[in-house]
């Protein structure tokens, strides 16, 4: 038994019971973005959050304990993702990666945008030419230290 | 001669003349995000935009013609980027990729967020605990066609 | 349980019962191309389509629910496919890829041919020198947005 | 000197002189699809075709000789292409590869669709919801031999 | 259940019953080369051939049906084979690949030697300095089509 | 200067002077298969053979010395070859590799077919249904030693 | 011209002039660890530091400007380093990676040790059984944010 | 049964019983760093250490025997690790690898820092700007032998 | 069932029964080097050797038959081995590979050292500065054939 | 200028002047194995050794300085070598790697055979069935440290 198996069981329970991430998030008490990442095995649950998940997804006590252990992260099976939706994000990194780097450095100097002190918000924007997906990424700027 | 060489010449001129992307963008008449991507060899210039770039970066007529040709896109040298700033974005795709996929499908059904009918906005958000990089990505949702 | 297992069960049932894709497509009510892709785990079924598939392939209710969930797409085990038929298609992309790119850009400007708003039709063309496979691919042109 | 350098010189001349593939094809006397592939270093010119190319692209006699030598084919720099347009074609092979395989085998039995006795035709189809790229691929079916 | 499992069962039965490929080939009624490839999951059996295999290898009806389905071909686990015997063949392609290409093109012009309309014959040649393996490969030449 | 550059110069001279491998082989005094492999940088020339090559390809004395040095072998740029003709040979290894292994082991026991004490002969076989490429590979069988 | 070329010129000057990193660090006014990383193209110089480097390594004004531009980081040519000294560090990550992860999580909870707000100190420790290399790595702990 | 399965069982028991590495280390009688590495399958237990582990993790006698066998080491699933914490260490090797190499060679000459005669100590350092992870790595210097 | 499973069973039996390779080799009647390689699935047993192994490792008749079948060789899970002991050997090939090549060619001319007609002997050499592992590799030289 | 260029110049001088490694080794005053590795860019020269090399290979003062700098080691262009002679050594690691590991651990316990405190001796052994290459590898055993 490891976290991967718990993730598989959560997804199967979600399919079987017809749940939605937005409702699961309300039960867990976090944003839908964090909650989905956590249920997919990328984040660590507190004891209280794990108890909610245990009931929602009908997990055993041992599976519930696994949710509270820091997981080995990384949700993709291949270095270049094959799924078209996820690939489009990889393409954004591939095509715009050096652009993002240049503009952040121009504004902030040498450093990075944190992927740890980080949040994400995904929203639908109605548009007569076809609705749009709007995603806001917010990460703390961390300057390189000199010493 | 190919577009890669023109990109190299643009970057060298920018370093030599001490230019900033935000000012170059004003001269070109597009956002700083699109302009930087275009100067880094990922986008196609119109004739007018190329003329501005030619003067700014002291390009020859042939180099100016290359800017108006659709380039072979992709700005990274390796499937997994080595630069820490760009890697953090790859990590976001790796850690949050399945989360993004789940939430977009829950809201929109099967399809993708376009990386072509797409725009990006990068801003500094002041924060007493350390300033943050805020990035808004906006892409049209394209549903899978059945037939 | 995940979609991959349902795909395996569908293929096994098809072999065991001696079904043909063209007849399955008629039952599902879509083209044989879309239907085959969907049964092979690349597309999402509607409730009604899934009900037909459930009866045809003798699936359980949980397996039927999986058909209506957006799958993680990508049907090949290796970046370069080993099967000779599928490799020939990869070879077409390898040998003619830059040609396709040049001709679409000459006609349409910078952008892509969508693989989402996309359809495919595969037909036999009788030919005295040996019958031919004719494939028509149709994808919406999506121009790059400037902003 | 090798064929790659000749290809580079042809592309540079085309940019410098503002030529179009469709006009070059008329001069060469073949389809725009074959002609573009040939100019991009994937096909072998006859003596007469090479003479036309020599004049069009201002090639030396030695460069002209290279055009008549069978080239080492393959136009992509990486196993998985990074250019968004060409990637969409790779994605079609990835997502629909097993579908194409199933449908050709159902119709023809075991064998392949040739990528050698092969032709391609790329056309614009006007469409009020956005013009489409239509591509017809035609390849001879080659059955596996038993012995 | 899929073809890979049937292949595994065939090999295990062959080991258990102490059969030889040359005798199996006589029963199947094809050459030992084609028969071995087919039993190893690379070729498609006719109904009559599958019936012989079913009895020889004690297969179920469903396993027998799988033999008549076109398989996903490719018998090696890694792009560069690790087994020394098979590696020597890969080495021949690596060291002599461009030689084979040059000589076939010199004799036939641009095109390929088919791996589909193809046969192979493996024989022992007695030699006082150590017996030799003689392999004859025969493939139809397919010229590139111009259009 | 290294052997790769000498190979490049040989190929360029062959194109420029319109030579054929079969004639070069007669001058060198070896088979066309060995001669081509040697000229393409895979084999070591004797002093006499190098002298012939020097005159044929107009090489300097230092280039002539390189021909007599054992080269770093391997003629392909990628683990999986991109050229369609050479790929067909890789495909033969991929599809028939385990078959070749089984049949050689059945005949000879554990060991390999040498790729060093090895020769190759490539011939055209006229055939009314389309001429065939016939290739004979002959390698000494080397049994594994026990100790 | 890009940063890689400046790095090459710095290393060549250091070899030619017989300089030591520890002395260069004193001139630059930073630790020997940061200074070496900066000279090897991984860090960004301030204007004052660049002026010192310009004189030490006899750089042109343009090369001096490059030192003040944020570089594309990553100092290794291959994902798995081939140099024995650097490989030992990769081996530490490979063998002890999950150990490091477990112990940091046990002490700090979910999060990472920063490689940006990071410093390193390398010292010789005399030891009668053979001197030792002692390295102290210090990185800020960054907890995963929930939202 | 192999060591990997024993590792899995140890981790599962640790989760189920809520144990901490620091307490396990006290029971085993080694540092927390060595103990964790050993429990994660990277080190070899003595008979006495294995007996303690057997009781702590409720292992069978055969599982206990496996702990005393030298394992096949390497704890990461991919050459470039996907977990953000472990990746930061890989990034340190990527960004600072050549720096570490230069400084060790400047101090010690040609050779390596051993990853075998090696120890590691991980500690929390309180810091008002955010606590830090301090790691001391100590490895014997091994000079290259000349002969 | 295949050879890999038999290898796994042999290793488990060896652990369970506390056997040593040197004693197993005496029972099998070959060197400890050949015997270990054979038990680890890289060599083919004779009927008599397999009978000894069957009793030693408590194998079934079918498992005993597998030992007498030529295996698919290759004992490493990744192209670059992760285990530190085996990696050191890979490093020797990486660092000294071209040296070995040069010296064998200088002594013998063009050809290879056989890895088939090959033996190996591993011994401990006592040394006051720390015992050494001495390994003698002996392989027949095979010259390249000209034809 | 870097060490790779110096290596290239050394090899070219050796070809041009017809030198032998065994004689160069005598001049340098080390074994032919160490000397060859050093000349091929894998080892560091002392001042005196570099002076000999400078005269032998007609190097400049700057090239001579490079020989005394610790090089970035690793002499192969690809993770799996393509040259048949070097591949046989990689094959030995692949086929016998786990055997070597088992036997060293049985004799010495957990640890490695050093590739740093290491020497190699390559000799011809006359043999009526064909001369053999005998290679003796000697490396200090380094036990894993517990702490």
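Order of writing sets the chain letters: A, B, C, D, E, F, G, H, I and J. Residues in each chain are counted from 1.
Assume a residue touches a chain if its C-beta (ideal position, glycine included) is under 8 Å from a C-beta of that chain, and two chains touch if they have at least 3 such contacts.
Bear in mind the structure is a predicted one, so any value in this text is a computation, not a measurement.
Asker: Kindly list the shared contact partners of chain F and chain H, in label order.
Answerer: I, J
Asker: For the interfaces A-D and I-J, which has the higher count of C-beta pairs in contact?
Answerer: Counting C-beta pairs in contact for A-D and I-J gives the edge to I-J.
Asker: Identify which chain pair among A-D, D-F or I-J reproduces the interface of A-B, meaning that over half of its contact pairs, matched by residue number, are the same.
Answerer: I-J
Asker: Find the geometric centre of each of chain F and chain I from their Cα atoms only, then give the gap between the two centres in Å, rounded to an integer.
Answerer: Each chain's C-alpha centroid was found; their separation is 31 Å.
Asker: Counting only Cα atoms for the centres, state how far chain B is from chain D in Å.
Answerer: 29
Asker: Between chain A and chain I, tell me the centre distance in angstrom, where each centre is the average of that chain's C-alpha atoms.
Answerer: Comparing mean C-alpha positions, chain I is 46 Å from chain A.
Asker: Give me the residue numbers in chain H that touch at least two other chains, ranges are fine.
Answerer: 33, 72-74, 76, 79-80, 82-84, 91, 94-95, 98, 101, 105, 111-112, 114-116, 118, 142
Asker: Can you list every touching chain pair?
Answerer: By the stated definition, chains touch in these pairs: A-B, A-C, A-D, A-G, A-H, B-C, B-D, B-G, B-H, C-D, C-E, C-F, D-E, D-F, E-F, E-I, E-J, F-I, F-J, G-H, G-I, G-J, H-I, H-J, I-J.
Asker: In their complex, what parts of chain F are in touch with chain I?
Answerer: 30-31, 33-34, 43-44, 70, 72, 98, 101, 105, 109-112, 114, 116-119, 142-147
Asker: Can you check the complex and tell me which residues of chain B touch chain A?
Answerer: My answer: residues 20-22, 32-33, 36-37, 40, 42, 73-76, 79-81, 83-86, 88-108, 111-115, 118, 120, 122, 124-125, 127, 129-142.
Asker: Which stretch or stretches of chain E touch chain J in the complex?
Answerer: 80, 82, 84, 87, 91, 94-95
Asker: Taking the touch rule as given, give the residues of chain F at its contact with chain D in the complex, in rising order.
Answerer: Where chain F meets chain D, its residues are 8, 11-12, 15-16, 18, 78, 80, 82-84.
Asker: What part of chain B is in contact with chain D in the complex they form?
Answerer: That would be residues 1-2, 62, 65-66, 69, 72-74, 76, 79, 115-116 of chain B.
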